[in-house]
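Before anything else, here is the set of structures, which you'll find just below.
Paired with subunit B in one complex and with subunit C in the other, subunit A is shared by the two complexes that follow.
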Partner chain A sequence: MEYFLKLFLSGTAKGSIYALIALGYTMVYGIIQLINFAHGEIYMIGGFTALIFGGFFFSKGMPVGFVLLFSVLLSIIYAAAFGYTIEKIAYRPLRGKPRLSALISAIGVSMVLQNFVLLAQTEKFLPFPSYLPEFKWLQPYKEYINSTQLIILGVTAVIMVLLTFLIKFTRMGKAMRATAQDMHMAQLVGVDINQVISMTFIIGSALAAIGGVLICSYMGQINYYIGFIAGIKAFVAAVLGGIGSIPGAVLGSFVLGWTESLGTGYISSDYEDAFAFIILIVILLIKPEGILGRTRRQKV
Partner chain B sequence: MALLELKDVHTFYGNIQALKGISISVDEGEIVTLIGANGAGKTTTLMSICAITPLRSGQILLNGKEISRVSPNKIVKMGVSQVPEGRRIFPQLSVSENLDMGAFLRTDKEGIKRNMEEVFAIFPRLAERRNQLGGTLSGGEQQMLAISRALMANPHLLLLDEPSLGLAPLVVQNIFEVIQKINKERKTTILLVEQNANMALKIANKGYVMQNGIIKSADTAAHLLENEEVRKAYLGL
Partner chain C sequence: MKVRSILADVRKSLGIAVWSMVLLFPLMVMKVSVTRGVAQVQFRWNFLPFVGIAGFVLSFAWRIALEWKDRRGNNKSEGTFSRVKAWSGQYFARPAVRTSALLALLSFVIAYPFLFGMYHTNIMITAFIYVILALGLNIVVGLGGLLNLGYAAFFGVGAYTYGLMWKYLGHSFIAAGIDPGWLFWISLPLAGIMASLFGILLSLPVLRLRGDYLAIITLAFGEIFRMVMQNSSDITGGATGISLIPRPWFFGHKLPPPQAATYIYFIAIVLVIITIFIVRRIEDSRVGRALEAMREDEVACEAMGINLVKNKLITFALGSFWAGIAGVIMAAQTTYINPDSFTLWESIIILMAVVIGGTGSIPGVIGGAILLKLLPEYFRALAQYRMLIYGIAMVLVIIFKPDGLIPRKRKQYTFEEKELSK
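== the complex of A and B ==
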């Protein structure tokens, strides 16, 4: 039971990270029906930005709290700018064209960004110093959960609440929901869909950057390639939950996190990455639209 | 000067030409109807006015100002609202959220509230169902909601695309009465696309008959109702 609890909590922390990335996939898909394959790269760039700025601020002798705050803020801004720009130059010109074009463009962007970071930085794994605080009072429980994991859980929970509020109650949120449901009709009531789409990319990228900083702090290392596997996993989580559905992405991420964690704990850690795809296949066989996905019924 | 004027409008879907030089003029305060068979280009005409399917050549003037290169949201801001074909209710938004979306560009909270009460007075059914999701309404209720949503923008010009489609005769009657009422009481100019030519011509001042992307004839509604050719082709008499 103790062992189970331990695995469950580490799975939850893992799931939280997947959720931060999966939300970007699902929000973009919900609005423009594009699988944004470059999204994993945004997450990686978020991590790198925090590493670079964090190191810079730290070398200037700033207190750790400020280093953390500023490096995270800058990484969010940087990643959001990347997301915004990618949509503008790689996807917007292809809007209204066959969907496959934008998908290929997304894969292209992903490769460009990976190789850009490879050339600009290094192909080696770099150590990622954690500026996250250690909680003393958590010491007795560190068998189950450590400070970084707890912070990951807390940050994700706060972000989920904020995001739900934004989508449910704000004007921009309503415009996003309306655009996702019927883009032309949203235009006919006066929604500027370019603005909505840009905003979706900005929010999704900001979340991915936060996820990037958290996971790098947790793992203690970073590499130009981490976006690829994390991106694929988060994509699996989004599909698992029902792509286009926001609660679905969160649920799918936790299911994936738990499966991986329990699978490695009870079966074998050699198959860690395989569990993600096994559960994907199982769920898609039972419920092809995903756990919370809706089949689109057309009313004539 | 006409409120809305289309001059030699050509619109394409890819390589297929849907509009082959349409000219229409709608005066302030009028009800103008556009009739014709399926595929004549009626819906495309409305979508071209709203800049959803941009035109390739020609001009669209609103109050004498060229709007054919203006983005859709700005056209809404200029006072043009559309009730599109098939109603296009936001299915996962509640009735009142759908109405809120209709008032998306407005900032006068008081006015929006008053407006919402007005549409609830016109369609009491919507008031009863205000918290229900749009997608769960019946066809007739969805049509009421679509019209109400367009009214929430307080439009100067209302474009209606086949409001009678798929509705029971009694509901159609009700919808047409409301259209006339909107025109009379709110002084809203209306461009009405209809397959039910008989009913449309009865409430309209002027009519255009479309066929294969061109305007076949244009006249006062009263004349069109008596026109032999129109009667045969579109009124089934």
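== the complex of A and C ==
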């Protein structure tokens, strides 16, 4: 039972990280029906930027709280800028073209970003210093949950609430929902869809950057390749929960996190990454629209 | 007016230059290294002006390319390039010219291993393997319109079929006094069939899915295949793979490596020719037309009475068959296989050959595969930039020339003027 609880909690922490990435996936997919393969790379770039700026500020002898705040802020800004730029360069010219074109373009972007970081920085795994605070009162429960995991959980919860608020109650959120429903119709009633789509990419990328910083602090290392597999898994989570649905993405992420951690704990750790794919195949067989998803009718 | 628009362009490009300098600043200018848990940052200021200049120039090029694309979209038959193409097309339409060109090409291809030696022959074999792979993938992507991101797994199924056949049956063949060179020839069709079976297995869950879900699930399948091969070490040798796989024997004679390379080269050519022939026949057949209809619109296609389930199964089975065959040649050529040869990136490179060459166009796909395989061999200096360049090329092609370098010709029925006027 204790073993199970441990696995369950580590799965929860994992799931909440996937959730941060999956939210960006699901938002982008909900609006332009594109699997943004480059999303995982944005997350990796977010982690790298935080490492770079954090290292810079730290070497200038600034206090830890300041380092944490500013490196995270800068990494969010940079990731958002990357997301915005990528959408403008690689996806916007393909709008209205067959959907697979944009998907292929996204794969290309993902390759470019990975190899750009590989060439401009390093191909080695770099240790990622954790600037996150340690909670004293959590010490007795250390075996079950550590402070990083707790912070991750808290951050995910806050972000999910904020995001739901943004989409449900703000003007921009309304425009996003309208664009997701029918792009042409939204345009007709005066929604600036370019702006909406850019905003979606900016928000999604910012979330990915937060996820990047958190997971790198949790894992304690980073390299240019971490984004790809995490991106795919987050996509699986988004599909699992029902792509396009925000609570679905979070739910799917937790389910994926639990399955992975219980699967590695009870079955075999060799196949850690395979569980996500097996879940994906099973869910697509049984309920292709996902747990909380709605079916879209196909038209000619 | 003209001056003003140029000035506006310059101002825009300056903006982009500044943007790219700011955007790429942390990754390009600041280089991070970690020593004993402390991150150190080095500044490389000399990169900054390059980034700015590149941003400025590239944004101009980008704008010109977009304009060019718009203009080309409006009237396709203008411009020197298309005139040259029309002229050469006319020339090549003559049977005499066509046959002699084909014969010249064929004799060059046959003479190749004797002219250039083993090193270049081996490179050419890998190129041919890619041609077969790309042609097979073209059936799935180009004809059927189903994006397959796990194609390397079928390639792997083929290679492992031969590898495992050798590992488990090789010595019993020798013990029974049968020439183990036969294993290659048995494996060749067997690998194709195995890969087809895996293709059908994969296509069962995806029958109901649309394009992008399908892409992800094929990707998942490919990764699962690789992981299974990697982790079941008692059967497949795990991450170390299977080594000492024999090259095909020539009528009971074990050939020394150079001759064996030449022999494989010719086997590969014959297979390439057979593949081209069969793929062309498929394209013109009833199945091929049904697949094309499926690519254009699944719902409309179903309404026309075409069985989508059957068609998808056929697509995957046919497409995977060639991957299996290519896998056997690959195993025979390198004599060594391990799971690392069948990663997702391998699948993506094969897909790239199809996309860059021209989805659905047989000459385009062949050209794309040869290009992607030969260029890195002859530009070794740029090896570390290979994937970066590939990625950029993929994005550029899909934006500016979505039909690929040699677009496919669509079948058209044209009415004669006379008939209409009657």
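Here is the rule we go by: the second predicted complex is superposed on the first by the 296 of 300 C-alpha atoms of A that agree within 3 Å, B and C clash if a C-alpha of one lies under 4 Å from a C-alpha of the other, contacts with A are read in each partner's own complex, and residues count from 1 in each chain.
Keep this in mind: contacts are C-beta pairs under 8 Å (C-beta built on N, C-alpha and C of every residue); 3 or more make two chains touch, one makes a residue touch a chain.
All figures in this text were calculated on a predicted structure; none of them were measured in a lab.
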| item | value |
| --- | --- |
| Room on subunit A for both subunit B and subunit C (clash or fit) | fit |
| Touching partner for A:Lys97 - first (subunit B), second (subunit C), both, neither | second |
| First (subunit B), second (subunit C), both or neither touched by A:Met1 | neither |
| Contacts of A:Ile35 with subunit B and subunit C, given as first, second, both or neither | second |
| Residues of subunit A touched, compared between subunit B and subunit C (which is higher) | C |
| Subunit B versus subunit C - smallest C-alpha distance in the overlay, whole Å | 9 |
| Common interface residues of subunit A - those touching subunit B in one complex and subunit C in the other | 299 |
| Residues of subunit C that touch subunit A when the two form their complex | 19, 22-23, 26-28, 30-34, 37-41, 62, 66, 145, 147, 149, 205-206, 208-213, 215-217, 219-221, 223-224, 227-228, 230-231, 297-300, 303, 348, 351, 355, 384-385, 387-388, 390-395, 398-399, 402 |
| Subunit A residues touching subunit B - in the complex, by the definition given at the top | 171, 174-175, 177-178, 181-182, 184-192, 299 |
| Subunit A to subunit C touching residues, read off their complex | 33-35, 45, 48-49, 51-56, 58-59, 74, 78, 81-82, 85, 89-90, 93-94, 97, 99-101, 103-105, 107-112, 114-117, 119-122, 126-127, 129, 232, 235-236, 239, 268, 270-271, 273-274, 276-278, 280-281, 284-285, 288, 298-300 |
| Subunit B residues touching subunit A - in the complex, by the definition given at the top | 50, 52, 71-73, 76-77, 81-82, 84, 88, 90-93, 97, 100-102, 104-105, 135, 149, 153 |
